[in-house]
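Here come two complexes built around chain A, the first alongside chain B, the second alongside chain C.
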Partner chain A sequence: MTLLSIRDLCVDYLAQDRTVRAVDRFSLDIPKGESFGIVGESGSGKSTLILALMGLLSKRKALVTGSALLDGADLIAMSEDERRAVRWKKMSIVFQNAMNSFSPVHRIGKMMQDIYFAHCPDSAKAERRTRMEELLGLVGLPPRVCDLYPHELSGGMMQRVNIALSLMFNPELLIMDEATTALDVVTQTQILKEIAQLEEKLDITRVMVTHDISVVASSCENVVVMYAGRCLEVGSVKTVLTKPAHPYTKGLIGGFPAEDEEGSDEEKRPLTSIPGTLPDLGAVPAGCIFEPRCDQSADACKSASVNLASLDDGRKVRCRRYGG
Partner chain B sequence: MRETAPVLCVENVRKHYVSRKKHRMRDGRVVRKAAVKSVDGVSLTLFDGEILGVIGESGCGKSTLGRLIVRLESPSDGKVLYRGTEAETLYKKDKLAFRRTTQMVFQNPFETFDPRYTIGKTLIHTLRLHRIGADDAERISLISAQLEQAGLTPAKRMLARYPHEMSGGQLQRVSIIRSLMLGPEVIVADEPVSMLDISMRADIINLLYASARRERVGLIFISHDISLTRYISDFIAVMYLGNIVEYGKASEVVGRPMHPYTKVLVSNSPSADPLETRQPIMIIGEPATPIDVPEGCVFSPRCPEAVPECAFEKQELRGIDHRLIRCSRV
Partner chain C sequence: MGIFISRRILTAILCIFAALCLNFIIIHAAPGDPVRILVGQDNPSPEVIEALTIKYGLDQPQYVQFFRYVGNLLRGDMGTSIYTGEPVSLMILRRMGPTALLALTAAVLAMVIGTAFGIFSGRRVGSKVDSAIGSISYLFDAMPGFWLGLMLILIFASSLHILPTAGMVDVRADHEGFLRALDILRHMALPVTTLTLTLIPYYMRISRAAVVQALGEDFITTLRAAGMPESKIYRTYVFRNAILPTITVFGIQMAYLVTGSAIVEIVFSWPGMGSFVMTAISRRDYPLLMGIYFILSISVAVMMIAVDLLYSAMDPRIRHTGVKE
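Now for the complex of A and B:
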């Protein structure tokens, strides 16, 4: 069953004299219970995509078109009131900077209860307090955290509070936008593991947005590779990351040292990088968006636009050489 | 590789800062003044052309150690020796000559360039300051050759650019070249790629690797990325709360970690290979602050293999199997 179905989603940022297309005709189906990782470098449009889904982009500054059906309701066409009913309850988000998500002058418990109160005005005070402690327990924090201020918690604990908050109304879809990027490796892995357990327990579908391929490789089932606002390759983590098809995905993986390499000089495979930089999204070329940086480009790539083509192993690739 | 004398010797170096904030210690006391033991007795040696990786979580003192080595900080105790002479003496005698011996590459290249100077102006200024090259024309040709060798072509256009007109990867390469042009014997690279996108990372790593191998520069590579550090380094030092807990050949330390902390660190570092089946070791808590360090083994409160004695026994580095380990239970 498809939980979230995104069709031809476009986001245009309105600058003074021109528009910049940050997300271009993005389509994706997220089945219930399958975790997705969206990877891309800075400027690839991954965060813009998420903000558009959450309805957090200002109407004056960005034009969002297309559709995104969450359980049949279109997130893009929704009014602000309808959206309020969906946020937290059906979909919630955890942002990167945990510390900045809270007011520094209020206690954690007070802020969490405020949110609960805003959505359930009839709830009794004791009920709210119990629910807060229950939530903190879920992410492995003691109840006394309720009475602490944000500065008294470490980054990892703060991010746990944020995750607890996002689980408040048992959402079906949990979006994590670089949620573990600022944390240390050990804390990151521990939190990801806890989330994986919660996912099963609470029946949550998770979408992770990150620039770190290794995080996706170790914690998601599917991966979407984004570049310049477009989806270049999508499929299961095991097929895409072990046998990348798109030259861009290959390039990204070439930047990682292989795990089993021994240290001697002769054997070391030099790391490869992708030459060039992101194209100007205000004036994109007619053909393939990745063509100027691609090491396998041909003349045909420059003129004809390419679409996502399905491959036999279940993935989709946006490259002319695969029939796109 | 190790037949000659080491270029760099760090002997039992400590750096304690003073914190004048209110701190609640583990035993409940509240103190107004506390010693922050960022680096607490670190010794290491580095030979010409050798790459030493330093890994650890944030707050473990790895950056402070880097700053002590290039003498951006002076140690509270212990010595940093370059070819047998103390860094302090060298620095006092001739600051510029000392800076030519040892260079640092920082994390964020956009903060290490003057935004109002073009790349060319910054680099020429550096060379002029150190009296390298007879005149500016010669300096420009020296710089151009270096830039082109590092793949920054055409050099002429690069020289005319301002820092904001370059990508992070390009600018970081320029900052490495700026260091290399002084002919240093030691370069300390503190998280040189953690700010950069993956597609740019390889250029930096390859450039650093080539400089160590070709120019015989001793490189200290400070990072929290374990697989990358293993890739580039000959040796790895694992730090925890200001101490080295394990030191050895890179492939051995990461491939067969022996210290409980290294085991935790390695098992928890995510791999880009989805078929990797390593199970992360679960651990309680987060690194303690270097303000109130435990009396015995510093890792004992979180150690999955700890026994009650660990909380009291001060641990020393011991040599086992060609490596150094700070744990009596191994």
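Now for the complex of A and C:
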């Protein structure tokens, strides 16, 4: 069953004299219960996509078109009031900057309870307090954290607080926008493991936005590779990350140290990087968007636009060589 | 917290002493001589000049004068005015009240009104209302206080005759009790308005910038994403974070106001410290000047400590840096 169905989502940032298309005709189906990873380098439009889904882009600065159906309700078309009801109850988000995502001059419990109150104005004070302590317990934090200020906690603890906050109303969809990027590897592994357990327990579908392929490889079932606001390759983690089809996916994987799998005693391969930088989204080339940086580009790539093509193993690739 | 306060008080005392030394050097290094001013321009006799110079101890080397002054100060004696012969402490005490009344009222009013406009404007940043308020604030910012004061006198006192032009009380009426307070209030209206109008732009810009900055913080995005209504976000979270810089500005402004209102005080003949300082300077009244600046540096120091305490009460991040376990 599909939980979130994104169709032809476009986001145009409105600059003074031009518009920049940060997300271009993006379509994606996220099945219920299957965690999804969104990977891409900085500036590939991952966060813009998420902000558009959450309705957090200012109407004066960005134009969002297309549709995104969450349980049949269109997130893009709905009014601000409807959206406020969906936020946190059906979908919640954990941001990257854990240290700054709580007001520095308020106690942690205060902000959490205010958010609870915004959705349940009839709740009693004691009820709110109990729920906060329960949530903190879920992520392994003592109840006294309620009475602390953000600067009194470490980055890892603050990220746990953020995760606790996002679980407040048992959302169906949990988006983690680079949520573990700022943490050290040990804490990151620990938190990822806990999230996986919570997911099982609370029946949550997780979307993991990151530029770190290893995070996706270790914690997600499906992955979509984004580049310049477009989906280049989408499929299960197993097929996409072990046998990448798109040259960009290959490049991304080449930039990461190999995971130590059992029986792979092969020589350590050297890390490679993709030459060049992201294209100027204000002046997009006619052909394949990745063509200028691609090591397998041909003349045909320069002129004709490329569409997503389905492969036999269930994945979709946007590359001419696969019939796109 | 106790350590924090005692450390602040200690540094304040050091600062006051440093200010005292500097004041002494600057005041005595300035050209002019109180005795010369005292005896007048018309052929003063050398004997009188010498007698007065010895009487006020001005014949002694400067360092002796300095240590004598500090010694007296430590015993609580601020000396007597060279010009009037009155004790300096009494003269200052008489003048402090009116200035405090004027400066505090204006500063509080300016802070409240300026911050309100700043928050209003910051919330609508980039809109037409925002730029309109901005332009008006620059207009008032560019007006010199004395000119604004004179214009207000021209309109409200000279033409409309609703408010008095000068002074703090109506000397002919000799009111008592409540009527006297009302009379002072009437006299305060114009100078307070002048000072407030010139101060508002400052608070406005600070709080507007603070609101804009607070709005860009990540926790605002968190709150929005969590479905909190905008009004609540502003009322609780933006406001509380944006008010912090205003407190600092208030402290600095207050300290500055005590002397900075001098010109407005002179325009409205307000019997406060500002005009008093001017007269003391022109008379080279050394003990009086030293006394005034001594009291001013104490009030600045006290104000700064008060602001620090207030700030630490408002911002938990500051509160905890003072005491390390």
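One rule holds for everything that comes next: the second predicted complex is superposed on the first by the 311 of 324 C-alpha atoms of A that agree within 3 Å, B and C clash if a C-alpha of one lies under 4 Å from a C-alpha of the other, contacts with A are read in each partner's own complex, and residues count from 1 in each chain.
To be clear about the criterion, contacts are C-beta pairs under 8 Å (C-beta built on N, C-alpha and C of every residue); 3 or more make two chains touch, one makes a residue touch a chain.
These numbers were taken from a predicted model, which means no experiment stands behind them.
Engineer: Give one of first, second, both or neither to describe whether A:D299 is in contact with chain B, with chain C, with both, or with none.
Structural biologist: neither
Engineer: Where does A:H211 make contact in the superposed view: on chain B (first), on chain C (second), on both, or on neither?
Structural biologist: first
Engineer: Looking only at contacts as defined up top, I'd like to know whether chain B or chain C touches more of chain A.
Structural biologist: Of chain B and chain C, more residues of chain A lie in contact with B.
Engineer: Counting only touches as set out at the top, which of chain B and chain C does A:S154 meet: first, second, both, neither?
Structural biologist: first
Engineer: Thinking of the overlay built on chain A, is A:R87 touched by chain B (first), by chain C (second), by both, or by neither?
Structural biologist: After superposition on chain A, A:R87 lies in contact with chain C alone.
Engineer: Quick check on the superposed pair: does A:D114 touch chain B, chain C, both, or neither? Answer first, second, both or neither.
Structural biologist: A:D114 sits against chain C, while chain B stays out of touch.
Engineer: Contacts for A:D184 in the overlay, against chain B (first) and chain C (second): which applies, first, second, both or neither?
Structural biologist: first
Engineer: Could you look at A:S101 and tell me whether it touches chain B, chain C, both or neither (first, second, both, neither)?
Structural biologist: second
Engineer: Which chain A residues are contacted by chain C in one complex and by chain B in the other?
Structural biologist: On chain A, the chain B and chain C contacts do not overlap at all.
Engineer: Which part of chain B faces chain A closely enough to touch in the complex?
Structural biologist: Touch residues, chain B against chain A: 57-58, 167, 169, 197-203, 205-206, 213, 224, 226-228, 230-231, 234, 249-251, 264-265, 268-276, 280, 282-283, 286-287.
Engineer: Show me the residue ranges of chain A that touch chain B in the complex, using the header's touch definition.
Structural biologist: Those residues of chain A that touch chain B are 41-42, 154, 156-157, 184-190, 192-193, 211-215, 217-219, 237-238, 241-242, 251-259, 261-263, 265, 268, 270-274, 277.
Engineer: In their complex, what parts of chain A are in touch with chain C?
Structural biologist: 54, 56, 83-89, 92-93, 95, 97, 100-106, 111, 114-115, 118-119, 149, 151-152, 162, 165, 168
Engineer: In their complex, what parts of chain C are in touch with chain A?
Structural biologist: Residues in contact with chain A: 217-219, 221-229, 232, 236-237, 240-241, 244, 314-317, 320.
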